[in-house]
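Heads up, the next two complexes both have chain A, just with different partners, chain B and then chain C.
Let's turn to the complex of A and B:
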């Protein structure tokens, strides 16, 4: 049951095979037994059970609110939730309880979803590993899968699991791990440079970054206002479409959401891809791309070609500068956004009380980690009067060149771009932390960041397992506001590759196989 | 097919023809990471460091913090390689749309109590700050100043 998709479990709720309370309890008990993953910062057991009970009542009356009614979900801990702590995995916000719900959270609750808890991340979503938060790193559920254990050769039995576990990617690693380990049916992440798609790729789940302006950011604690979007993590593409349908649309509280009408859609089963033109941007063969992923990408391109689609090599020449450009724009916006954390109105406040300024400085030293402080300082440097033109404005100009690259390619008749999502499969934690956060982010966001620069929708689709038995995903990038086309193609691809389901002992013990997926002959 | 091969032959990066016919995915990386820019690395002066510290209100005056800033600047310097003559800066991807402006009416409020809940120090309906108008001390005085609290 827990391994079912959102739509399947929704049907089971409707047909009375399971009640919202039973489902909620099962998820909560699985969260407890997978606590070692560190996917959740806060588990809202009491309010979740209450929401489940209310949902149960609606089902009893025969008036459920829709497909999400009674569905257990999780939300990244940088979305405000009324009554539940919102920490951003930072000392700065430990204990902070928002007086309001983020619009996306409110929409999910209004449609009957059951909020299980808040998921772990890198502090203020700054990172690509989910290793740099104050609550410790998130462990990738695949580290404990039969698939990985069979393939990895432990040096000795004792250090086996302790030293071999791999990272989830980030910064929405908690949300990706939560969906991947079956503790919830969908989760919200956020995506500024790849923070939803990167952990989705490493955890073998679907990760959708919608077009900028389609989903409200109200209540998402901002990182880079001009690029942040709420992200959606689910087990399959159809589920992502369901959640997108429940979240998208104009929000009077976010002036950057567009006012066009959004109609929720169901995805058709594509049978003919011959009218599709798939672009392969050559710059996405970036230095450091693993040969395994290269081969998989190539195979995926052939898959489309053999099915009759037109597959063409295209060029996005400024891709290589997107990370550098991002580095400047991100730190600049961070410098401005983080100014609000001064200890006066909310969040951590230092005991230093000599003067207002010294209290501010001490609060921020105690409240932020090195990564956040480092970005604030670099951002302030790039924004100095004497540097503004050379760095900040220069980066904004490069941003236009990056966005124009996409305009040209889509203008040439390409429908969808197919690229890898990450350079390699997930690194063991012990390897990952050898590099500093900035270097890591620069490497890891390289294939995902440009879509944020241009505001385009992009999705990670789990594709195959690597030689080490870890998930590898590919990314599709579509035209602005063309989510339906993007997801339709992604769904077709998902169906062809038959990504294997994670084999977890913990889940088997908790679950009765009502919905055993018949998956065989996978794509690798 | 021949046309395709001819066309590929004109590219700077040679592509083995057999592979090229098989897949649209290029077999070799299309670019390489840039070398650190030659020439003198611009050092951040003590004056600028002081200015930054005041602006950012975080102290970082340890060797590691300065080194991290230097690295961040060096990384950003790669932008100079890009020709941006005549390119307009881009603030937002929604630049050619009208952003939504709501009516200037009060739609919510009366939540003083709730908002004050998250503040550590308050008196009646006020947030309380330590004495103002005292600038952060100069670096050399900082230690004694901070210890004095």
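Let's turn to the complex of A and C:
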């Protein structure tokens, strides 16, 4: 039951094969038995069971609120949730309980979804590994899959699991791991430079970054306001469309959302792709792209070609400047957005009370990790009067060039762009942390970043397993607000590639004492 | 000999003071600039604070349409060009009453630019010698107010009240076109009247709805402007004039003594009547301006650019606002002068007090007395009495109706003007009596009986032999004394013109 898709389980609820409470309980117990994944920061057991009960009552009366009623979901811990801690995986907000729900959270609750808990991330979503949060790294469920274990030959049995487990990618790694390990049916992430698509690719789930402005950011604790978008993580493309339909549309509390109402849609089963034009941007053949991903990418292109679609090579010449441009724009906004954390109104406050200034300084030193502080420092440097023109203004101009590249390509008749999502499959944690956060983010965002610069919708679709038995995903990028077309194509592709399901018959014991020894019972 | 030749070179070159103003006017609006919290003066601390005002993470600004309209109105009234597209920026600094660590303002493209304000002031304090001057308005920008810090020195604590945090402000920047405190005060007073007429701000300085910072410098003619100082903490128009004049004098003295002027911020100490350097906020601040990413550009429309399918509730139409602008003070004054034939300086007085012009016009409507005469009663009697008792026009115990009633008795010659003043004094008590009732009660009506009056006059003549002698020998001035005595005898109940006739007749007999 837990392996089912959202739409399948919704049907099961409607038909009475399972009750919301049973479903919720099973998810909660799986969360417990997979605690070593560290996917959740907070599990809201009590409120989840209460919500499930209320949902059950609605089903009993024959008046469920819709497809989402009774569906267990998880939310990245940078969305505000009234009554449940919102930490951003930072000391700064440890213990912070927001008085309000983010618009997206409210919408999910209003439609009967059951909120299981808040998922782990890099501190303030700054990272690409889900390794840099104050609650520790998230482990990729595929580290414990039969597929991975069979392919990756352990050096010596005693060290293998502790040294071989791979990262989820990030920064929405907790959400991706939660969906991938079947502890929930859908999860919210956020996507500023690839933070939803990257972990989706590494965890073998669908990760949708909608068009900027389609979904409200109200209540999402910002990283880069002009690029942040709430992301959707699900088991399949159809589920992503369902969740999108329940979240999209104008929000009076977010002035950057579209004015028009959004009409939810169901995805057609595409049978004919001959009218499609798929663009293959040559710049995405980036340095460091693994040969197996390159091969998969071209196989996917062939798949479209063989089915009759037009597949053309296109050029996005400015995409190569995306990362350096992002570095300036992101750090500048971070410097600004983080200014509010001064220890006065909420969050951590240092005991240092010699003066207001020394309290500010100590609070921020104690509250933020090195990554956050580093970005604040560079951001403030770029915003200094003498640097503003040379850095910030220039970066904005480059951003416009990057966005214009897409406009040109889509203007030339291309419908959808097909690219890899990541350069390689997930790295083992021990490998990953050899490089610092900044280097990692620069490498890992390279293929996903530009869509945020241009505000375009993009989706990761799990495609195949790598030689090491780890998921690899490909990315589709669509035209602004053309989610339906994007998802329709993604769904067709999903059907063709038949991505294998993760095989987690049991969850191995961990003998190194860090995590509780627990046995999973309910992966059936 | 020319004056210049009489003095040595050094002191001959006079100093030219230059004064520019930055004025923050709180927008009169039910809710704040970017949040739904109420705006109210002197509410309990932190009772009007939304999640956004407290900068809770994840909250976003939503622009208040009313504030935009108020700024457009003000811009139009100050002859500005209104920018059809303006932008919001973040201005960063750490301060305890600035919860987000930045203020949202309009640094790059403000809502209104390039305007002007005409104001009048009297020369040498003579109301009859008024000159009109103009100051250029550089720009008007929309921005958020900060909260308030209350320093408790005994407990070495700072308490923060966020009620004011996020209230909409219009910052009006006036070019340095003024040269003394009097001019600065007159310009601000005129601006205050305009804002109050528009209703875009209540502009009460005592309540902090209008805050003025003055930039002051001095230089010799033909030389570049001197280093300027910024004077803050000015909380009344009177203090503005004092602060500016003090600062000009201070700078001149400093420079003449061989000193230099620092580019610094100074505070006006109203008790000592001088400016003092303010504790510097750790040297020069770099505000690290950045576009506000959560607010799209503010687009305004006019009749031409208004899209046909746009919901009118959603857009701000400049032309629509322009058509509905009320008469501004300058226009009102001109109309008063033209319609009622009063002196220009009286029109200033009428507009200077809230509601006084309306009071005057109501009295005029209800009385047969000529407006030119009514104005005397309004300014000399009504206004001075109100001032004496620190009352506003609206609080006046004598309504326009009662005053008109009283003046009508005067016009009909039922009472003398002396008696009228007595009646007015009674009316101030606010006991609800009509002027006529008071006249009857106090027997203030003019003596209508010619014979009675003649007898009184005769009695006065009989008693004042010396004066009568003087008059008869040609000193007509003494006649006034006799008239006065008759008035006293009748307790002001005699018609002076009539008394003069009777006395003249009797004395020539």
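Odds and ends about this structure:
Throughout what follows, the second predicted complex is superposed on the first by the 505 of 524 C-alpha atoms of A that agree within 3 Å, B and C clash if a C-alpha of one lies under 4 Å from a C-alpha of the other, contacts with A are read in each partner's own complex, and residues count from 1 in each chain.
Note that contacts are C-beta pairs under 8 Å (C-beta built on N, C-alpha and C of every residue); 3 or more make two chains touch, one makes a residue touch a chain.
Just so it is clear, the structure is predicted and the values come from calculations on it, not from any experiment.
Looking at the shared chain after the overlay, A:102 reaches chain C, while chain B stays out of its contact range. In the superposition on chain A, A:34 makes contact with neither chain B nor chain C.
After overlaying the two complexes on the shared chain, residue contacts for A:313 are found with chain B alone; chain C is out of touch. When the two structures are aligned on the shared chain, A:218 is found in touch with chain C, with no touch to chain B.
Of the two partner chains, chain B is the only one touched by A:280; chain C is not.
In the superposed model, A:422 makes contact with neither chain B nor chain C. Looking at the shared chain after the overlay, A:356 reaches both chain B and chain C. For chain A, the partner touching the most residues, choosing from chain B and chain C, is B. Residue contacts after overlaying the shared chain place A:442 against chain B, while chain C stays out of touching range.
When the shared chain is aligned, no partner comes close enough to touch A:190: not chain B, not chain C. In the three-chain superposition model, chain A touches both chain B and chain C at residues 99, 226, 252, 255-256, 335, 339, 342, 344-346, 356-357, 360, 380, 384. Of all residues in chain A, only 96-97, 99, 212-213, 226, 250, 252, 255-259, 280, 282-289, 294, 297-298, 301-302, 305, 311-313, 318, 320-321, 324-325, 327-328, 331, 335, 339, 342-347, 349, 351-362, 364-365, 368, 370, 373-374, 376-378, 380-382, 384, 391, 393-401, 403, 436, 438, 442, 454-455, 480 touch chain B in the complex they form. If you check the complex, the residues on chain C that touch chain A are 51, 54-63, 90, 92, 94, 96, 99-102, 158, 160, 286, 288-290, 293-296.
For chain A in complex with chain C, the residues that touch the partner chain are 79-80, 86, 88, 93, 98-100, 102, 217-222, 224-226, 252-256, 332-333, 335-336, 338-342, 344-346, 356-357, 360, 380, 383-385, 388, 392.
Considering their complex, residues 22-33, 44, 48, 51-53, 55-60, 64-65, 68-69, 71-73, 75-76, 78-82, 84, 87-94, 97, 99-102, 111, 114-115, 117-121, 127, 129-137, 145-146, 148-149 of chain B touch chain A.
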